[in-house]
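What follows are several structures.
Shared chain: subunit A. Partners: subunit B in the first complex, subunit C in the second.
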Partner chain A sequence: MSTASLQEAPGRSVVNAGRPGKRRSNRVGSRLAGLPWILPAVLLVVGLIYFPIGFTGYASTLDWNGFILSTPKEVGTANYAKMLGDDVFWQALWHTAYFYVITFSVQTVIGFAIAAVMHSKIRFGAVYKAIVFIPTVLAPATMAPVFRQIFDQYGQFNWLLSHIGLDSLTRPWLADPGTAMPVVMFITVWQWTGLTFILYYAAMAQVDTEVLEAARVDGASSLRVLRSIVWPMCRGTTAALAVLGLIGALKTFDIPYLVTKGGPNHGTEFLGTYIYQTMVQQKHFGYAAAIAIALLVLAVAGGSIMSVRNRRAGRDQ
Partner chain B sequence: METWGGTQRHLSRTAALMSVALLGMSACSGAATTGAPASAGAPATAGAATTGDITWWGWTPDATNATKLIAAFNKDYPGIKVTFVSKPIDSYDSVLGPAITSSKGPDVFDVAPGSANGGVQTFAPGAVDLTDTITAALGSDWKTKVAAAGVDPMTSDGKLVGLSVGAVYSGWMWINQDIFDKYNLKAPTNMAEWKTVCSTLEANGVGCFVQGAAQWAFDMDTFEAICDNIEPGLYIQATQGKVAWTDARFVKAMGIWKSLFDEGIMQQGAIGLQQYPDANNAFMAGKYAMVMMGTWYTQYAVKDSMLAAMSAAGVSNPTAMTLTPVPFPDLAGTGKTGSMFGDADYGFAVSAKSSQQDAAKIFAAWLATSQTGQQAVANTLNQIPALKGIGAQWDQIDLVNSTKQQDALKAYQQAASAATEPRFATVSADLNTAFRDALIGVATGDKTADQALAALQAVPPSK
Partner chain C sequence: MFDVHSRASRIGLQILATLMVLPFLFPLLAAIQGSLGGLGIGNYAKVFNTGIVATVFTNSLIISAFTIGIVYAVTMLAAFGFAKLRLFGREVWFWVLLAALTVPEAVLLTPLFVVASTFDLYNELAAVILPLAAMQVPFTVLIARSFFDGIPTELMEAAKVDGASILRVFWSIILPLTRPITATIVVLTLINSWNAYLLPMLMLNDQSKQVVTLLPSFFVSQYTNDQTGVLAAAVITAIPEILVYLALQKYFERGLAAGALK
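Our next item is the complex of A and B:
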């Protein structure tokens, strides 16, 4: 056995290291024997994930109303060309971008702050944790009518404003594109901050208490400890939330669809709502598939770039 | 010990016996399921099954009226059980598509003309041709016996996809007569009167006119009514490419549409609300006195339907309100008012995958072509019946306030029966979408009338 072969496989047991030819054939044999064991999982993944993606890619080259019995017409890349010239598509993309930046930032600040407060010894901490987390488990379909009512012209929010002397601010919040999007973002933050909080809360529990005590001994204030020790040590959580948030923003559908139907005048249009409208209402299945492929590419590219950056940042640290 | 060959012979004998038994059973079943229908009002469908268990999917009618129609059908065909499954209108296409590619899906399903849900063109490949069925029921001159709205718009490439049950029309408004009477008001006939009515109502804490302008199909109704007020037929000509949307008359119509928002006729926040459920619920709850709805609202002139609708809108212990139709006001000052436009509301299609097509065709033909079935449709007041010469039997209908409603409803149904203009049948899906952007864009001030109309003009006309 050569030294080189040992170096190539440092973790391998010396007992298994026989002649190279025999070892390779053993390895190939054992791999082939293992294939049937992973076959069900492979079929499941290919059937449930990769086949639909492939079919969506194929459908994006068709002019088709989506009804399985009707005959589609091949149009090549025409749907993609149409998409690039579609103002609503770019509008939806722009909405996604600033929706992501704002909701992620607000959720991070609030979630991190609440997690920090909960780690101090406060009374009824378990109750507060439940209150913060409950919106995360509520179905948007259940809450959408409530928020539509709250932000209606005659809703509770305007009632509240008028009772605290802010009559001039009352308005139909969902009827103006300028206010409908902030409402959608507010609902999103309300719903998902609980998850951010829980993840930060768990991450903070992993921070070595000796490091915190050392900082205290050095005279660091609570804010300084949070900023200079806890926050950097929660970097992995922040990175994971950033990736999840980006993918979530790209897939945003339920809240804008249920609360504003993407309106008014496309004011809360996202890629998800636009795909649904294009596919179901306009019956342009092929065009909707093209937008869905664009969404997939953006989600994979965005997630990958952020993961690589986070990994590099982790290594640099 | 029995050999494999012996087992095979034994299995073959068993299979043969079972086949004979099944054939015998089906023969008996066939004998039991043929024969004349129980009533002279039933369609001529000789040899068809009179027993069966079929499922009907639709977004309309509501459950109350569907139950009435099925009960009337079962008087003639007690052996055919019909189960109505109500599907939400906005997800109808997405749930129906996969369902009718399977024999487990509905046997009968609602279809509609044009770009609306359940489109005839979309679902034609999943339905059987019903030409023979309607010919057997009404004769070879059947096209002369049913409303035109139920013929060509229900046909795709020569195939009769659906049997029109009845038509719905729009173009008029509905008022809460109780509120109008309480404040001694009369239905407005022009913009000045409309503003006065609104001022009075709002001074008394009642909303004036409610529209869920985010659901633009109803905006299109209002816009078509405005266009008809300017010149009857103008709107339809434009949908067919015979008149440009950029014509000065449409610029005027867009101006009137915008004025409804600027003059405070439309309630604040209208473009943030859907017609269903928001505007409908607000009207049914008595929060507003006027609403832009079509002939399908006639059913709520009936006491039990109105009470059910008010309960569904969240009113506890409701007292039925008196609903009255009124013509759209003369906003353009032309004096041309009262016209209506409509399409077949829904037709019955029979699924090509149905294992009970005979029973399904019997049900479809009975409701769409028989005197009894169409009378039942007429009496629900949900549609204007497809079969010519059938009208509601007012003496058998329990109106909320017969004195106040009956004359108005008769005039309304006469106007609807006289209507010749389509509502959505000539509007393509792309034009429909362009209307959303145009009408809501003008309402919010994001688009000028010229920009909005240029966008409509850019859509190719429907064929």
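Our next item is the complex of A and C:
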């Protein structure tokens, strides 16, 4: 991962000052003058991220229940072999993949559309903006019980359906794997579209209004302007959101854990929930560590590949 | 973006906007409605009567304050070091931090759990604060460094000619210029530490150590399936968050959107 790779993600760069390397000549002090300044950050990250990763790597070769006093048994790569033959592991991966594709696409479409509408002459724009953004600042853990209630057999969603004549559709949404996953995705979209919206909203503010006016004078419709001018100009934002969404999908834990506990029948199992369950409930620390290492590899590889691709696309523009 | 001239199209657009926004509001209304079922306002009294509301808010405040403090201090020092001072192997050091950007929390659970129980950090707020800070730092250093890169080095050189030490330059010249990035760092860290669930759930079992995100689940275990209590607890924890957001709206949105402004 390099500096440029993630430059466009939210909050990443307030002042775009060009490449860091260019200013080397007028930096101050002796050869290691910067070391004491960066050391606290490096120690914190090495001590609390790198060391634990190393430990997880070691633990992944053990058969161990996690108690310090119990003697772990060395099993080599047995945990990894077990993982590759574990249906639940593959299910969790598959869930992560389609969860990512669907939530990212839906958030992009809705977030972009709301941003476009909010940039038009709308009353109560400030109120609407706040409503869309509020879910982003709320804890998933706070809202999870609310959604459990809404999608319960006797919840508001079924009440709504039966009042608009869709009685036949009412069901216990969280009890069936086929509907529990869409609910988990719905909650995610509800929660994170505010961020997508705010980023597109900010990006659209940078679009030159003269270009838009010129296109309109030439007879382009609003939709056409959005598709052919605004959307391409927001490409950087879309790319940054794609990376963020991928990392977010791999990190998914709070919502499926709190809403469905990864069930029913592993129907909403993600790598995070599976690791937690394996470790805390089944006390298979070694196996949990092996899955954690797989998750780490996916997150680092996925993040790097997408950033590199984005950077290339950025250069070609 | 949409060019509206006629009255009809303006109204149409307003209706479209309203329809798009309402689904975001419904779950919040459902939370309030659900929390008033059964005992009505009494559900809120029930939550407060447990006596842990003040405890969880205090603990969350402590955790957020310390996490923000650590992240801010460590980030500012590192960003200054990376952007303004000579450093052998700079990009290697930087890469060491950046590589940790995408590490999921779940990867750290096994070792953190074992280490915390070995060193008896279990049920200590520090066992949550330190990992939260460590996970935040790679990102904040990344954004702070590019901000510091934009501060002209000539400012520092002028001060050095006047005989100021590096420490003094950092403190009196650079830091006062970093207010925009400070707001971003504080808001991001606040959201991430206040909303953290997995680490507190794992590390803080003692009731006197729990945090706001654990308040709703308290009612699931305590009174089996007391939905109204759970929802009242959810509303109680959501309200302060919404109020803080509304009060600092500009900083929240700017903080999260900063990267998109090119």
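Everything below uses one rule, namely that the second predicted complex is superposed on the first by the 284 of 317 C-alpha atoms of A that agree within 3 Å, B and C clash if a C-alpha of one lies under 4 Å from a C-alpha of the other, contacts with A are read in each partner's own complex, and residues count from 1 in each chain.
As a convention for this text, a residue touches a chain if its C-beta (ideal position, glycine included) is under 8 Å from a C-beta of that chain, and two chains touch if they have at least 3 such contacts.
Note that the structure is a prediction, hence the values are computed from the model and not measured.
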If we overlay the two complexes on their shared chain A, which of subunit B and subunit C does A:Gln153 touch? Say first, second, both or neither.
first
Of subunit B and subunit C, which one contacts the greater number of residues in subunit A?
C
Which partner chains sit in contact with A:Val280 here, subunit B, subunit C, both or neither? Use first/second/both/neither.
both
Could you say whether A:Asn265 touches subunit B, subunit C, both of them, or neither, answering first, second, both or neither?
first
Please indicate which partner A:Val211 is in contact with in the superposed arrangement: first for subunit B, second for subunit C, both, or neither.
neither
Report for A:Ala175: first if it touches subunit B alone, second if subunit C alone, otherwise both or neither.
first
For A:Val109, is the partner it touches subunit B (first), subunit C (second), both, or none of the two (neither)?
neither
Answer with first, second, both or neither: which of subunit B and subunit C does A:Gly66 touch in the superposed model?
both
Just which bits of subunit A does subunit B share with subunit C as contact spots?
66, 68, 152, 280
Mind pulling up the subunit A residues that touch subunit C in the complex?
1-3, 6-18, 20-21, 23, 26-38, 40-42, 44-53, 55-56, 59, 66, 68, 110, 113-123, 128, 130-147, 149-150, 152, 156, 190, 193-195, 198-206, 212, 216, 222, 225-226, 230, 236-237, 240, 247, 250-251, 253-254, 258, 271-272, 275-276, 279-280, 285, 288-289, 292-293, 295-296, 299-300, 302-303
Which of the residues in subunit A come into contact with subunit B in the complex?
65-71, 148, 152-153, 171-177, 180, 260-261, 263-266, 277, 280-284
Subunit A partner contacts - residues on subunit C that touch it in the complex:
1-4, 10, 13-14, 16-18, 20-21, 23-28, 30-31, 33-34, 70, 73-75, 77-78, 80-88, 90-91, 93-115, 117-118, 130-131, 133-135, 137-139, 141-143, 145-147, 149-150, 153, 156-157, 160, 166, 180-181, 184, 188, 191, 194-195, 197-198, 202, 212-214, 216-217, 220, 227, 230-231, 233-234, 237-238, 241-242, 244-246, 249, 252-253, 255-262
Which part of subunit B faces subunit A closely enough to touch in the complex?
90-91, 93-94, 97-98, 101, 119, 122-126, 214, 267-274, 278, 429-430, 432-433, 437, 440-441, 444, 446
